[in-house]
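Letters A, B, C and D mark the chains as written, and numbering starts fresh at 1 in each.
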Amino acid sequence: MPRKMTINMGPQHPSTHGVLRVILELEGENVVGSDMEVGLLHRGIEKLAESMTYQQIVTLTDRLDYVTSMTNNITYVMAVEKLLGIEIPPRGEYIRTLIAEMQRVVNHMMFVGIYAMDLGAITPVFQTFRDREIILDLFEMISGARLTYSFFRVGGMREEIPQEFFDKTKDFNDKLLGMIAEYETLLTRNRIFRARNIGVGVVSKEYAINCGLTGPVLRASGVPYDLRKAKPYLMYDKMDFEIAVGDNGDCYDRYLVRIKELKESQKIIAQCLEQMPSGASNCEDYKKYKIPKPFKVPAGEVYFSTECPKGELGFYIISDGTKSPYRIKINSPSYINTAALSGMIEGALIADVVATIASLDIVLGELDK
Amino acid sequence: MKKENLKNMNDIGAAEALKKHFPSAVESAELVNHEAVVYVRKDDIKKVLAYLKEKVGFEYLFSITGVDYPDRTPRFDIVYHLKTLEHPLQLTIKVKVEEGTDVDSVYDIFKSANWCEREAYDMVGVPFKGHPNMTRLFMWEGFEGYPLRKDFPLYTEDK
Amino acid sequence: MDFVFYLFGITGLVSAVGVVAFRNPIHSALALVAALFSTAGIYILLDAEFLAVLEVIIYAGAIMVLFLFVLMCLNIRELKALPQFNKKIRPFAIGITAIFLVDMVYLITKSQFGVGELATGKYTSEQVAAIGSNAKALGQVLYTRYLLPFEAISLLLLVAMIGAILLMKEGLGRK
Amino acid sequence: MEVILGIAIILIKILTIFGVTMFIAGWTTWVERKIIGDMQFRVGVERTGPYGLMQPMADGLKLFFKESIVPDGCDRVTYELAPVLALVPAIMSIAIVPFAGSADSFKIFGQTPFIAANINIGILFLFAWSSLSPYGMIFAGWSSNNKYSLLGALRSAALVISYEIPFGFSIIGILMIVGSLNLIDIVNAQGSYHWFIYRQPVAALVFFISIVAETNRPPFDLSEAESELVAGYFTEYAGMRFSLFFLGEYIMLFVISSMFTVFFLGGWHGPFISYDVVNNTWVQAIPGIGILWFVIKSYFIVFVYMWLRASLPRIRYDQMMSFCWKVLLPLSILNIFTTALLNLDKL
């Protein structure tokens, strides 16, 4: 009796987080095969970058993962700085660390809310968005934008940060653990939530590594790999924090890893604020790199990556000594995590597919570049 | 080049050890800026990557890129980025490919190569031999040309 | 009352014809539901509201929903042509129909058919009302006079249920 | 004369029921939006009228004048019939809701005023109509020619059939104690404070879970699970046809909550209204207070529904099925046996 039915999940579907198209082959409600179609949001950022100056490309990185623009900016400008061989004074590095962690908090808050919503719980999303708003206001204070900041520039940052920002961040950070506890009351030990998550979308350690999974998804499978510890950049080697690792690699672990990371970020933000040195925050000859004057970058190539909230975001830049890069390759976490989706949803139910997609925490702008 | 020795190595050390192990397959191993870049002969890429994964512990392939050098022969570079998860080591493996020829797919060694190879094919037009589904990834079926080739027009005349 | 009876009777007959005449199985099922409803209406006219409600709950509410469930699983949109009778079956079909017809005619003539005086014997409408309600009267009869057949039937149903589960399990095992 | 009066009373009853239903359905949505808004740190509706009270009206008008799009390739007959089939059971079952009063004390033109149809087998009548409610969903899902709708319809059919069983079984304990299928008898049997929720707690629990499932409300809203099946069986409906489904859902929500009140919360009983056991008569301190108590209790259950919706994630299809067959059904059967043992003297 079972007949196969092919169903199109997306590109217009409430829970594919954008324009991802998953083609499911169903037997009843069980998934027996799946295929994916991406690229509906492909804007050719890599090609665009080839005809823009290095400083202009910062605005393109905003539009990769529009939830975590700050960390995208930081990763990109650090890649170019590495190519140029310039160093940033400690205050600049502390500020970058601080803002990267705040961006991680924003992203993980959004993940918790949207994830709960995809599982049918409609309240957590309002809690997390209410709290996320506070950080967005803070970012607006320093950059003037709420989503696409373009705040960091090669060699430093656009403006000096006012003291008020640090004070308000401290206020926020003191309340953060309470906020996290509030999200957890509705979800973490909820029986339905656990039943929907435990054992769903399981990724084994070997499969995770073989597929090159990254970020919280990799760590949930029991691989304690975090670039902040493995290859410390910025001020992370001076920070005291732990890597969140899961055991089973299921959706529940991915959720727990992110909750743990929220708490660890809280620690890092507190340490950054405490240790924040005074002095300059831009590199010595920052004037040289200021817009609108384009600058040349010595020929060569660099691959630089940081631990973005969603995973490892890397920029592979080949320079030919001119004002624009010869080739930029963006290695984005959503892309590499989504590629492994088919293997995770084999034999699952439709509801599990939704949970699994949501647990990867993808943004299609980054996937499609 | 052994797993145990990785602990005391840096990127370029690993690259040179690789060259020592495969004297014929590896064309060059040098430090470009901060990256250890290894050029491997096109036909040996699968062998080298399998060795790196199984014997050495470079088990994490996370990026495959196509780069177009229109004035050079062979015209394309296919760039593989590999790293180990236990040590902070990273290798950039490059293969030179001439237009119209193909490269061996490494999909059966690294599952992550699935979309990466499709994307490289989509963007610069280098096909991968042995890939189960060598179709375009981002661009639609029937799209003409390969966008990340240098001769792909940035602007087209309005008709 | 007569008018309501004929209304139900005609709807019942028309929809019963619809069950076999529609090409789309879902429409047939819908017609069957309508027929069941008409029957339930006639039961109510006979003061047998308990039977009427049971008819709706069990047949319309449970069995027909299951029917529809299976039909939807198979996803048959429309039959190209009505299935033809197997020639060998035809004499049996005619025979059974004839017996049924004779039976009906006999019963109707024997009971001196007339609206309003259908129930005769021990359980007339008045006597049922004296007991309390239809459901009570039925319960009393079932648990006293017809206890043995009632229990036998329930045992039979239980066996059928277990049998169905066993058959299903075997099917799962083979798969 | 008597016939005309009888017909007039029936007409008045029908109109009253219709008016009450529409009122309930419309403003229950307002209540829900306000309550859930409050739980989610939002204001809820506030633009139309004071406190947004006219919003249901505006919504209704908007839906009424909206174009009703019919999808290509749908089965026209069942497509048009489905919304009606979804609404009719809900409206029909409100006829047996006993808002207040007993059959004996207070009559207008020889009729009990606060119950439209006081029939002997009230419970079975309710079951009959609620067992028909899946038809609307099934036909809607099947006729829309949409795979998501079909999946929603399949889910709802399977669920309603399954949950009908614990739904019915959970009442049997009460029936054994009361010995009647009449709703007024059931309320009277509970007296002022001997509510069945104390005497039949397990049954109350099973009944409540089953009614949440029967009405397709969160966390059991699988047939319209928006994050999985877009909108389930009514994905393809728009305008007035959609609003019929919506109305049906909210009317059923109220009816079934009021049934919980009747079965387990003592119906219209409460403080200031009590049963005089000695004289076997009713003492109503303030007229109409029975209705007030009934509505308060029923809306408390409606509130619990909304509370659930605001706080719980959606359960998965297979988990819900196994929960029904492996937990609720044995529990309700156990409850029947226990009740029978405890009430041997009454049987």
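The rule is short, and it goes like this: contacts are C-beta pairs under 8 Å (C-beta built on N, C-alpha and C of every residue); 3 or more make two chains touch, one makes a residue touch a chain.
The structure displayed is predicted, hence computed values, not measured ones.
Think of each touching pair as a link: the shortest run of links from subunit B to subunit D has 2 of them. Compared with subunit A, the chain whose C-alpha mean position is the greatest distance off is C.
Taking each chain's centre as the mean of its C-alpha atoms, subunit C lies 28 Å from subunit D. For the pair subunit A and subunit B, the distance between C-alpha centroids works out to 25 Å.
The centroid of the Cα atoms in subunit A and the matching centroid in subunit D are 46 Å apart. The distance from the centre of subunit A to the centre of subunit C, with each centre set as the mean of the Cα atoms, comes to 63 Å. Of all residues in subunit A, those touching subunit D in their complex are 5, 7, 13-15, 29, 116-123, 126-127, 130, 186-187, 190, 192-193, 195-196, 349-352, 354.
Of all residues in subunit A, those touching subunit B in their complex are 38-39, 42, 44, 46-47, 51, 82-83, 207, 209-212, 214, 223, 225, 230-231, 300-303, 312, 314, 316, 318, 326-327, 329, 331, 335-336, 339-340, 343, 368-369. The touching residues of subunit D, counted against subunit C in their complex, run 75, 77-78, 81, 119-121, 124-125, 127-128, 131-132, 134-135, 138-139, 141-143, 150, 153-154, 157-158, 160-161, 164, 181. Subunit B meets subunit A in the complex at residues 32-35, 37, 59-63, 65, 67-68, 79, 81, 85, 88, 90, 92, 110-112, 114-116, 123, 136-140, 147-148, 152, 154. Looking at the complex, you find that subunit D touches subunit A at residues 36, 39-42, 147-148, 151, 155, 218-219, 221, 225-230, 309-319.
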